[in-house]
Amino acid sequence: MGEFDFSVWQPSLPFIRDGLLFTLRLTLVAMSGGIVIGTLLALARLSPIVPLARVAGAYVDLMRSIPLVLVILWFFLVIPFITGSPVGAETSAIITFTAFEAAFYCEIMRSGIQSVPRGQVNAAFALGLGQAQTMIHVILPQAVRNMLPVLLTQTIVLFQDTSLVYAIGAKDMLKAADVVGKNYNRPVEMIVLSALIYFTICFSLSLAVKQLQKRVAIIR
Amino acid sequence: MNYHWNWGIFLEPVKSGDETYLDWLITGLGWTLAVSLTAWLIALCIGIAVGALRTTPSRLLVMLGNAWVELFRNIPLLVQMFLWFFVAPEFLPREWSLWVKQDMPAKEFITAALCLGFFTSSRVAEQVRAGVGSLPRGQHDAALALGLTLGQAYRHVILPQALRIVIPPLTSEFMNVFKNSSVAFAIGVLELTFQARQMQEDSEQGIETYLAVTLLYFICAFTANRVMALIEARTRVPGLIGKPA
Amino acid sequence: MIEIRNVSKWYGQTQVLKDCSTHVAKGEVVVVCGPSGSGKSTLIKCVNGLEPFAQGTITVDGISVSDPKTDLPRLRARVGMVFQHFELFPHMSVEQNLVLAQVKVLGRSAEEAVARGAALLDRVGLREHAAKFPGQLSGGQQQRVAIARALAMDPICLLFDEPTSALDPEMIGEVLDVMVELAQEGMTMMCVTHEMGFARKVAKRVVFMDHGEIVEDAPTNAFFDAPASERAKTFLSRILHH
């Protein structure tokens, strides 16, 4: 057995907190951006305009078939060519995760939209609502409600995936733990701490999602 | 900013040594395949066992199975890699721990394959549990009524059917294994992503590098998909379309 | 052969079996009938321990089913069971379905098991279907294979759980014919079924259940000619007039 010294946790807390704040910010921005863009992508995939559906489909399939680490590296490399100037690892991470997660949220929203019975569209049209109005007021709210547990589960996955910004050195929680671990020469204790924090947050969230799932099942 | 394209870069020698960049990528592909396939084998063995445990009448076994799944599902894969690589050896007896840290051959590879295998096993277990759950209860009863033990019933009646049902979701898990193996770069496995970063820094031809590596990952995922489709076709039961009723 | 004494069973708060007692002697056929939800399927599944029960005892050939020391797989191997939905194993050929338990449970050699299986398939008139899979057979054929599968274990008695309820009407006859033949050969049988013609023909006694209770347990003729309870009368008039 190695000798552990967990007293390093105490001084590490402010750094961990800052890192965790970035991790949370990244998760929340990528989630909201991802859901908005993902919904637009889903609408594009379902649209009768074939080229639009094809382009959206290709984008989603592409994102879903490459490793996230590679996507992170790609964006970090390519964004400066587009913006014309280098961007920081943090900005790059936010853009990457929004674009990447949009593909996954798109597939969830697509099956959500398809889960709404066709009769709902007819009923909305019969009331005189236009296509956009039908989508916004009738279809999407039901799609989101049906898919809420899946959307949240995907967000838990996203929260865990943010740790991969390690590849470009962005200062998230894991990076903070890494830095403190190196400074105090206690890397093992800091890895354990970050694992505990991730586990506690993800496990509680997944329990909450399970509760929600039961309720949604009852409402239906 | 202007980009200077150079498609010949792959045949050029690396800055320090007499390998070409292509050699780096081939090595990378080799390690990616080695880590992914070993991990997939581990994941199938453990995942099927744990998934089956979670459907038994024993509360204790179900709880253990659930704990296994929750543990691996709620910690990021990257952190799990660090846990196995840096933390796990600390729990071994002193001499073993020293041996693991200093002398164990292919330490990075073994750690990555085990870690990815365990991680994926929890996802396989989830699918297998759902597959067993979707079988009609009567199959279980009929097997027991013939005098088979619970173990025999799982081995000959329940699992052969459940596994056929879960081939489609397992196909995407198999493809995920190749994607997830990229996380092994963080503990120094010389797999594709590791080589991609190294080649990008060394050659400064990032776009060519990443395009090539992206293509290689595509080929891996596509092959995995075809292999599973072949297995699905081979194991198809005559007279049975989709799920057994 | 089968002794059921004072068996009670609960699902949570609801009692599904209320103090049930009956028996099946060697060579006897007993038919269990009653409206759906009356507990007849549950009772027959208690006989080979597929359903646990809270109170009472069931013995088969003198061996208690609920005794934790009983080797249940060994007991079940000697009690054949035929299910409403056949429950052939869909991933195995007809032959493999017949062979599996003979080899794994009885320890017979593969050749011996195949030969026994073939003989029984012959008997139920399905020899040429040995290589097919269950999904390629009709319901009536599947149920006959299921009976052959149970017989392959050389059981001391057979349990039938609504063997014809899932069949199309034109297939019921072929299955009943096999069952009648078995009964006439002296097989001990406990049958949950609504086939009153079958009951009249071969049953020694009829057990009538309602709401988890055994309401009547009478010799076949007595039951049909003069049912003692109102509930049995109502049931009989419904089932015979349809």
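The chains carry the letters A, B and C, assigned in the order they are written, with residues numbered from 1 in each.
In this text, contacts are C-beta pairs under 8 Å (C-beta built on N, C-alpha and C of every residue); 3 or more make two chains touch, one makes a residue touch a chain.
From a predicted model like this one, the values you see are computed outputs, not experimental measurements.
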| item | value |
| --- | --- |
| Graph separation of chain A and chain C (steps between touching chains) | 2 |
| Chain separated most widely from chain A, comparing mean CA positions | C |
| Rounded Å distance between chain A and chain C, as computed from the means of their C-alpha atoms | 55 |
| Geometric centre distance via CA averages, chain C-chain B, whole Å | 46 |
| Distance from chain B to chain A - Cα centre to Cα centre, in angstrom | 22 |
| Parts of chain B lying in touch with chain C, wherever the complex brings them together | 136, 138-139, 141-149, 152, 156-157, 160-161, 164, 237-240, 244 |
| Chain B-touching residues of chain A, taken from the complex the two chains share | 1-2, 4, 65-70, 73-74, 77-78, 80-81, 84, 156, 160-161, 163-164, 166-167, 174, 187-188, 191-192, 194-195, 198-199, 202-203, 206 |
| Residues of chain B defined as touching chain A within the complex | 1, 3, 70-71, 73-80, 82-83, 86-87, 89-94, 97, 175, 178-183, 185-186, 193, 196-197, 200, 206-207, 210, 213-214, 217-218, 221 |
| List of chain C residues in touch with chain B within their complex | 45, 48, 50, 72-81, 83-85, 87-91, 100-101, 104-106, 132-137, 149-150, 153, 159 |
